[in-house]
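Worksheet: one structure, shown below.
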Amino acid sequence: MTVTYSSKVANATFFGFHRLLLKWRGSIYKLLYREFIVFAVLYTAISLVYRLFLTGAQKTYFEKLSIYCDRYAEQIPVTFVLGFYVTLVVNRWWNQFVNLPWPDRLMFLISSSVHGSDQHGRLLRRTLMRYVNLTSLLIFRSVSTAVYKRFPTMDHVVEAGFMTADERKLFDHHKSPHLKYWVPFIWFGNLATKARDEGRIRDSVDLQSLMTEMNRYRSWCSLLFGYDWVGIPLVYTQVVTLAVYTFFVACLIGRQFLDPTKGYAGHDLDLYIPVFTLLQFFFYAGWLKVAEQLINPFGEDDDDFETNWCIDRNLQVSLLAVDEMHMSLPKMKKDIYWD
Amino acid sequence: MTVTYSSKVANATFFGFHRLLLKWRGSIYKLLYREFIVFAVLYTAISLVYRLFLTGAQKTYFEKLSIYCDRYAEQIPVTFVLGFYVTLVVNRWWNQFVNLPWPDRLMFLISSSVHGSDQHGRLLRRTLMRYVNLTSLLIFRSVSTAVYKRFPTMDHVVEAGFMTADERKLFDHHKSPHLKYWVPFIWFGNLATKARDEGRIRDSVDLQSLMTEMNRYRSWCSLLFGYDWVGIPLVYTQVVTLAVYTFFVACLIGRQFLDPTKGYAGHDLDLYIPVFTLLQFFFYAGWLKVAEQLINPFGEDDDDFETNWCIDRNLQVSLLAVDEMHMSLPKMKKDIYWD
Amino acid sequence: MTVTYSSKVANATFFGFHRLLLKWRGSIYKLLYREFIVFAVLYTAISLVYRLFLTGAQKTYFEKLSIYCDRYAEQIPVTFVLGFYVTLVVNRWWNQFVNLPWPDRLMFLISSSVHGSDQHGRLLRRTLMRYVNLTSLLIFRSVSTAVYKRFPTMDHVVEAGFMTADERKLFDHHKSPHLKYWVPFIWFGNLATKARDEGRIRDSVDLQSLMTEMNRYRSWCSLLFGYDWVGIPLVYTQVVTLAVYTFFVACLIGRQFLDPTKGYAGHDLDLYIPVFTLLQFFFYAGWLKVAEQLINPFGEDDDDFETNWCIDRNLQVSLLAVDEMHMSLPKMKKDIYWD
Amino acid sequence: MTVTYSSKVANATFFGFHRLLLKWRGSIYKLLYREFIVFAVLYTAISLVYRLFLTGAQKTYFEKLSIYCDRYAEQIPVTFVLGFYVTLVVNRWWNQFVNLPWPDRLMFLISSSVHGSDQHGRLLRRTLMRYVNLTSLLIFRSVSTAVYKRFPTMDHVVEAGFMTADERKLFDHHKSPHLKYWVPFIWFGNLATKARDEGRIRDSVDLQSLMTEMNRYRSWCSLLFGYDWVGIPLVYTQVVTLAVYTFFVACLIGRQFLDPTKGYAGHDLDLYIPVFTLLQFFFYAGWLKVAEQLINPFGEDDDDFETNWCIDRNLQVSLLAVDEMHMSLPKMKKDIYWD
Amino acid sequence: MTVTYSSKVANATFFGFHRLLLKWRGSIYKLLYREFIVFAVLYTAISLVYRLFLTGAQKTYFEKLSIYCDRYAEQIPVTFVLGFYVTLVVNRWWNQFVNLPWPDRLMFLISSSVHGSDQHGRLLRRTLMRYVNLTSLLIFRSVSTAVYKRFPTMDHVVEAGFMTADERKLFDHHKSPHLKYWVPFIWFGNLATKARDEGRIRDSVDLQSLMTEMNRYRSWCSLLFGYDWVGIPLVYTQVVTLAVYTFFVACLIGRQFLDPTKGYAGHDLDLYIPVFTLLQFFFYAGWLKVAEQLINPFGEDDDDFETNWCIDRNLQVSLLAVDEMHMSLPKMKKDIYWD
C-alpha cells in the first residue's frame, strides 16, 4: 500500500521533515536494515582482522591497500550516475501512476448516454461497464504480480464476476498467438453499436463520444503494458548497481581506521565506528532503493500501487454509477444564494 | 496565501533581486529563523566547551575529531541530492497548480448552451453549476487541511450552500466503501441529459461538449487527489533529509575554529563566528525548506495555494455567469475602427 | 522588445558566436555594467587599504582572512544552484511565451462560420472579435506593467476602442469582489448563441467549434495570469540570490593579491587586476541576470515580450480578417502545375 | 528482442538488484566483453613493456608521462558529458517506443463503424485494415534494418499479403521523387469516403472519427520516420565518444602501477591488476553502450524493439478484430452482483 | 542537409561508435578545424616566445603567470554551464523539428472530404492545397535564410507557382503593418465555407474537421515563427560563449609546458604538444558547436533542416494526393488470409 505522508507535511514547520525520519513503514530503515547489517558485519570483520591478526608487513600492506581503495572510491561517480538514473526511474513511475486506467470518465458517459431504466437498459449499461473493467483487469494480470496472484487463471476472473461463462467461452474461441486483453474492448464497441441500432444510444455524436473515451481507456491500459514490457535497458540498471556496489566494497577496505601512530595523512584518529561511511551507505544505498522500489510499481512493496484495491473500487463504483444512479437525481431546489 | 513578487522583478535593474532579500512574508528568514537559532546555539555551546572546559589531551582529541568531521562533511553530496530532489518537488508543485479545477470553461458552456430565462432554466443552470463546484469541494476537503478545517463535516457543506438537504440525503443513500466525490459528477450527467430531453439543451453536439468539459474538470480533481495520495516515496524524502541533517551535525563539530597556535592546516585564524558555515546553513536548509513548503501546497504555509479563496471565488463567479449574465448582452454598436 | 539574433547564427561559422559578444542591446554588458563597476570599485578600495594603510600585524590578519575567504568561496555551490534555478526560470519563461493568447485561430473560425456580409453580420463578427481581444487585454493589464501603464483605468480601454460605453456600463454593473476579465468571455458565448438562433451560425457543430476555441483562448489567458500570480517560491529566489551575493562578497576579500614575498601558496604573483575573478563575476552575475530578466517577461526589459505591440497587432489583424476579408476570395485559376 | 526484467524487481528485496548482475542476455558483459578484452590486453602490454623492457631513463620518462596522463585523465568531464547525453538518448528512445503505431484504436472503430456482415462488408473492413498495416509497414521498412532485411523489395510486401498485385500496380503508377508511404493512407481516406457514400458508414460523425484516428496513426508513423531521419547531431555523438575514448587511452598509460620504490605520491602499492580502472571502464563504457543500444532502437540488439513481431501481431490481431469479431457478442447475462 | 547516421548505429557492436569518428560531413572536424588551427598556432607562438625569447626574470614571471592561469582555468565551470545550455538548445531544436508543418493530414482530409472529380472539384482541392502550402512558405521565408535566398520577393513566390497573379493582387490589397502570412489561411477558411455552400463539402462535421486541421497547421507555422522571433536570451548565449572562450585563453597560457628543471609541481615533463589540452579544446569547443549548429536549424549548416526540399516535397505530394489520387482506388480483392 502506498505510504501517504502528505498531511504530515502540509505546513513547513520547525525542522519540518524530522517527523518523517521516525516512520517505519516504507522507510529507509525498513528497506535497508538487512543490507546495513551485512555491511556493518563485513566492516567489523575486516577491522578485527586488521587490528588483531595481521602482522607488521601484512599490516603495512593492508594500510597501503586501504589508502589506495579510499582514493579510488572517491573517483567513482556514484552521485552523478544515481542522480540521472533515479530521475529517470521516478519519471517513469509517476507516468505509470498517471496512466492507471480509471473508469470514471466512461461511467459518467454510459450513465447519461445509454438510455432505458428497464432491465435491458440496466443490463446494457452493466455489461458495457463490465467490459471496461475486464479490459483493465486483463492488463493488470500481465503487469502486476499482486493481481496475478489473486487471479492466477481465467477461472478466477470468471468466479470474481468480471466475466460470465458465456463470455469466457467466446474469449477462448478467438484463436490468436498474441495477448487477448483487447477482446472485451472490441466487444464494448460492438455492444455500443448495437445499443445505438436499438436506439438506446441516441445518435452518432453520443456513440462516438463513448468510443473515443473507450479508446483512451485502452491506451492507458496498453501504455501500462508498454512500461512493463520495455523497461529501462538492463545495461543502465547494471551500470548503476555496479557503481554503487563497487563503491561500498571499496569503502569496506578504504574507510578502515588505520593505526594513528603510523602517521598516514587523514588517519590521526581511531573512532572504531566509521559514522560518516555508514551514513554514506544510507544515502547511496537509500537512493538506489528508491529506484528499486519504483522501477516496478506493481509489486508488493510498501510504496507500490494498490492495484487489487483499484480493481475492486472500480468495479463497485462503476456498477453503482451506471445502474443504481442512472437518472437518479435529487429534487431541484433553489440554492441559498438564489437572488 | 501565495506570496506574489513578480511585479517587483518586472524589470532587471541594478542588483535587481536585492529587494527580494528584504521581504519577510514567505521569506527564508521567516521559515528558517528557529532552526538557525538552534544551530547557532549548539555551535556556540560546543565552541565554549572546547575553549573553556576541555583540557590538553581532550582538546587534541576534539581537534582531530573536528578535522575528521570537516573532511567528511565535504564528501556528503548535499548539493547534488538537493538539486535533483527540489527539481522533482517543484515540478510536482507546479503541476498541481496547473491542475487546480476552475469552473470557468464549464460556466461558459452552461451559460450559452442551457437555454431558458424562466425559473426552471435558471434553476437548471444554477444546479448544474453547483454540482460542478460541489465535486471540487469534496476533493479539496480530502486534499487540503485548510479546507478540511472549514468544512469538517458534510453538514458544513450543506450549510455553506454547496448542497441542499435533499441532495445530502441522496448522497448518503448511495452506499460505497470508497470516496464518493464523484457522486455529484454523475448527477451532473443525469441532469444535463434530462435537460436535453426537455429541449433545454438543443442537441447531442451541445450536450457532448458539456460532458467532455465536465470530464476534464473531474480529471483535474482526481489528479489533485492522486498527487495527495501518491506522494514522493518516503525513502527519497528521508534520504535527502538525512543528508542535509547529517551535513549540519558534521559542521557543528567540523567547522569549529581550532586553536591557531597548534598549526592545523586551514586553521590559522579564529573568527569566533563561522560566517560561511552559517551562510551554508542558509543555502542548504533554505533549499530544503523550498521542498518542505511545496511538497504539500494545500497546507497553510505563506506560499500555499489559497484553496478556500478559490472555492468562494468559483461559486460566486460561476453562479453570476450562468444566472445573472445568461443571455445578458450589451447593445451591439459599431466600434471606433468601423470603416 | 525582444532581442532577435537568430539570423546572425543561422550558420555555424568560424568562431560563430563571437559576433554575439559585440552586441549591446540586451547584452550582458548593458545589464551588468553597473554591478560590475560597484564590484570593481569595492575590490580596488579593499586592495588599496591592504596595500597602503594596513600595518604589519593587520596585514597578516588580513592575509589570513583572505585565505580563509578564498577557501570557503570555493565551497559555495553557485554553479549548481544557478544551473537548476535558471533551468526552472527558462522553462517557465518559454511556457509563458507559448501561452500568449493569439486570436488567429478564432478569427479564422469567425470569418468562415459567422455568415452575412450585411451590416448586422459585420457587426456580429467585429463584436465577437472585440470580445476576444478585450478578454486578453484585461488579463494583460493585470500581468504586464507596460500594458498597465498604457491602460491605467477602464476609461483608457474604452477610449482605445476595445470596449464601447454600453459595454463598460454593463461590465461595471456585474458586482463581484473578484477579477472580472471573464465577463467579455461570457458575452462572447451569449452573442455566439444568439447568432446561432438567428441562423448566422449554421448549426451546433459550427457553434461548438467556436466555443471550444474560445475556451482554449481563455485558458491561455488564465494560465498567463497563473504564472503571474503564483511565481517561483520566494525562498528559492532568495537562496539563489544569497548564494551568488555571498560568493562575490567572499571573493572581494578572498581574491585579493597578497604580498608575494610572504610566500602564501598560490600567491606568487601580483597582477593587480584579478582578471579571472572579474570574468567569474561576469559568468555568475550574468547567469543570475538571465533569471532576473526572464522571471517576469512582461516588464520593460530589452528581452521582455512586446505585449503592447501584440495587443495592437491582434486587434488590427483580427478585425481585418473577420470584416474586410470575410468571404473575400481571389478568383480561382488553374495553377501552373495543372496537368 | 526486448529484455524484460521488471517481474524480477517487482519487490524491493535484500540487495534487490544483485540478481540483475548475473544476467547475460542484454547485459553489460555481453555488450562489453570484447572491448574489455582489448582494453585489458593493451594495459597488460604496456605494463609488461614498462616492467621488462624499459631501461632506467626510459622508465623515468614513462613514469612522468604516466603521472601526467593520470592528472589530465581526471580532468576529462566524462561523467557529466555522458550524463547529459545519455539522458537525451534515453528520452528519444522512449518517445520512439511511445509512438510505435498500434492499429488497436483503428480496428476498434472500423469493427464497430463499418457495417455489413456480408462479403462486401467484410472486404471493406479487411481492406481498410490492410491499408493501415501497410502504411506502417512501409515506414518500418525505411526505419528498421530488421524489417528491411525481411522485406527488401515491394515484391516481398505483396507476397506477405500486405498488398495485392492490383494495389502494387497503382502504387507504382503514382510517380513521385519522394517516399510514398502515404499512398495507402490516402487510399484509406478514399475507401472510407466511398463506404460512407454506400451507407456502410452511417454519417459524417462516424467517418470523421475514423479519419481523425487514421491521421493520428499516420502521425505516429511519420514521427518514427522523423526520429530516424533527424538524429542527434553527429557532432554531439562525436564529442561524447571522443571524451570517453580519450579517457581510456589516458588511463592505459596513467593508471599503470609505477615502481613503489621510486616514491611517487599515490604509487606505494603495486597490485598488478588495476581493479578500479577496470571497474571504471565498465561504468563509463557501459554507460556509453546504453546510448549505442538506444540511439537506434530499430536494429537487432538484444534490447531493440521487435518490429517484425509487431508487424505480424498487428496484422493478425487487426484482421481478427474487424472480420471474425465484427458484431460478435457474447450473450448478455446478469452479472453476479446484479441487485 | 541533415546528416543521417542512424543506420550505421542500428546495432551496438564492437567499439560501435568508432565508425562515426571517421565521418567528415557534419563532423566535429569539419566544424572545428579552423578554430583548432588558430588555437594551435597561438599556443605554438606563445610556446616559442617563452622558450626562445624570454630572459631569466621574464621567464620566471611567465611561469608564475602560467601557473596562475592554470589554477583559475580549472575554476571556470565550463562543463556545467555547457551541459545546461546545450540541453536547452537541443530541446528547442527538436521541438522545432516536431513542429515543422507537414500538409499530409490536410491532404488526407481534403482528398476525401471535398467531392467532385470534375474540373471545378479539382480546382477547389488544388487551390485549398495551394493555400496550405503558401501559408507555410510565407513563414519559411521569414524563418529560414535558405528559403529567403530562394524566394527573395513575392514575385518569386508567384513564379514558383505557389500563388497566382490574382492572389498576389488581393494579398497586396490587404493593408496591414504586420506580417501577412495568415492571409492565405483566411482564404482557406473562406473557400472551404464556399465549398460547403456549394455542397462540395457535405456537412458541418466534415467542414469543421478541415478547419480544425488547418488551425493546427497554422499553429505549427506560428510556433516556428515564435522560435525564430524569441530566441534564447542573448545574455545566456553570451555567458556561455564568454565562459568557453575565457577558458581557452586561460589554457593558452596556463597549459604551456614549463621548464622541467625549475621543479614546478606538475611540470616534470615537456611533451611539446599539449595532447590533453587539444583534446579538451575538441570537447568543449565541439560541445559549443553543437549549440551553434542547432540554435538556428533553418540555416545552411550540414545539420540544418532541408527546408527548401520540404517545400518542394510538400507541394508535389499534396497536389498529387488531392488531384490525381482523389477517389482513385485499387480494385478491392480478397487478401491472402481470407478465411
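The first chain written gets the first letter, and so on, giving A, B, C, D and E; residue counts start at 1 in each chain.
In this section, a residue touches a chain if its C-beta (ideal position, glycine included) is under 8 Å from a C-beta of that chain, and two chains touch if they have at least 3 such contacts.
The model shown is predicted, which means the values in this text are computed figures rather than measured ones.
S.K.: Starting at chain C, figure out the least number of steps needed to reach chain E through touching chains.
M.R.: Each step joins two touching chains, and the minimum needed here is 1.
S.K.: For chain C and chain D, which third chains touch each of them?
M.R.: Joint contacts, listed by label: E.
S.K.: For the homomeric pair chain A and chain B, should the interface be classed as same or different, according to whether the shared residue numbers exceed half of all numbers used?
M.R.: Shared-number fraction below one half, so different.
S.K.: Suppose each chain is reduced to the average of its Cα coordinates; what separation in Å results between chain A and chain C?
M.R.: The mean C-alpha positions of chain A and chain C differ by 39 Å.
S.K.: Using mean C-alpha positions as chain centres, tell me how far chain B is from chain C in Å, no decimals.
M.R.: 24
S.K.: Would you mind listing the residues of chain E that make contact with two or more other chains?
M.R.: Expected reply: 31, 80, 83, 87, 203, 205, 289, 293.
S.K.: Could you tell me which shape the graph of touching chains takes: line, ring, star, complete or other?
M.R.: Drawn as a graph, the chains make one closed cycle, so a ring.
S.K.: When the cyclic arrangement of chains is written out from chain B toward chain C, what order is obtained?
M.R.: In ring order from chain B, with chain C immediately after, the list is B, C, E, D, A.
S.K.: Along chain D, where are the residues that touch chain E in the complex?
M.R.: Residue positions touching the partner: 31, 34-35, 38, 61, 64-65, 67-69, 71-72, 75-77, 80-81, 83-84, 87-88, 123-124, 126-127, 130, 144-145, 161, 164, 166-167, 169-170, 174, 176-178, 182-183, 185-187, 189-194, 203-205, 207-208, 211-212, 214-215, 218-219, 222-223, 226, 228-239, 241-243, 245-246, 250, 288-289, 292-293, 295-296, 298-301, 304, 315, 319.
S.K.: Given the complex with chain B, which residues does chain A contribute to the contact?
M.R.: My answer: residues 2-7, 9-12, 14-18, 20-21, 23, 26-28, 31, 74, 79-80, 83, 86-87, 90, 97-98, 102, 104-105, 107-109, 111-113, 202-203, 205-206, 209, 213, 266, 268-269, 271, 276, 279-280, 282-283, 286-287, 289-290, 293-294, 303, 305, 313, 316-317, 320-321, 324-338.
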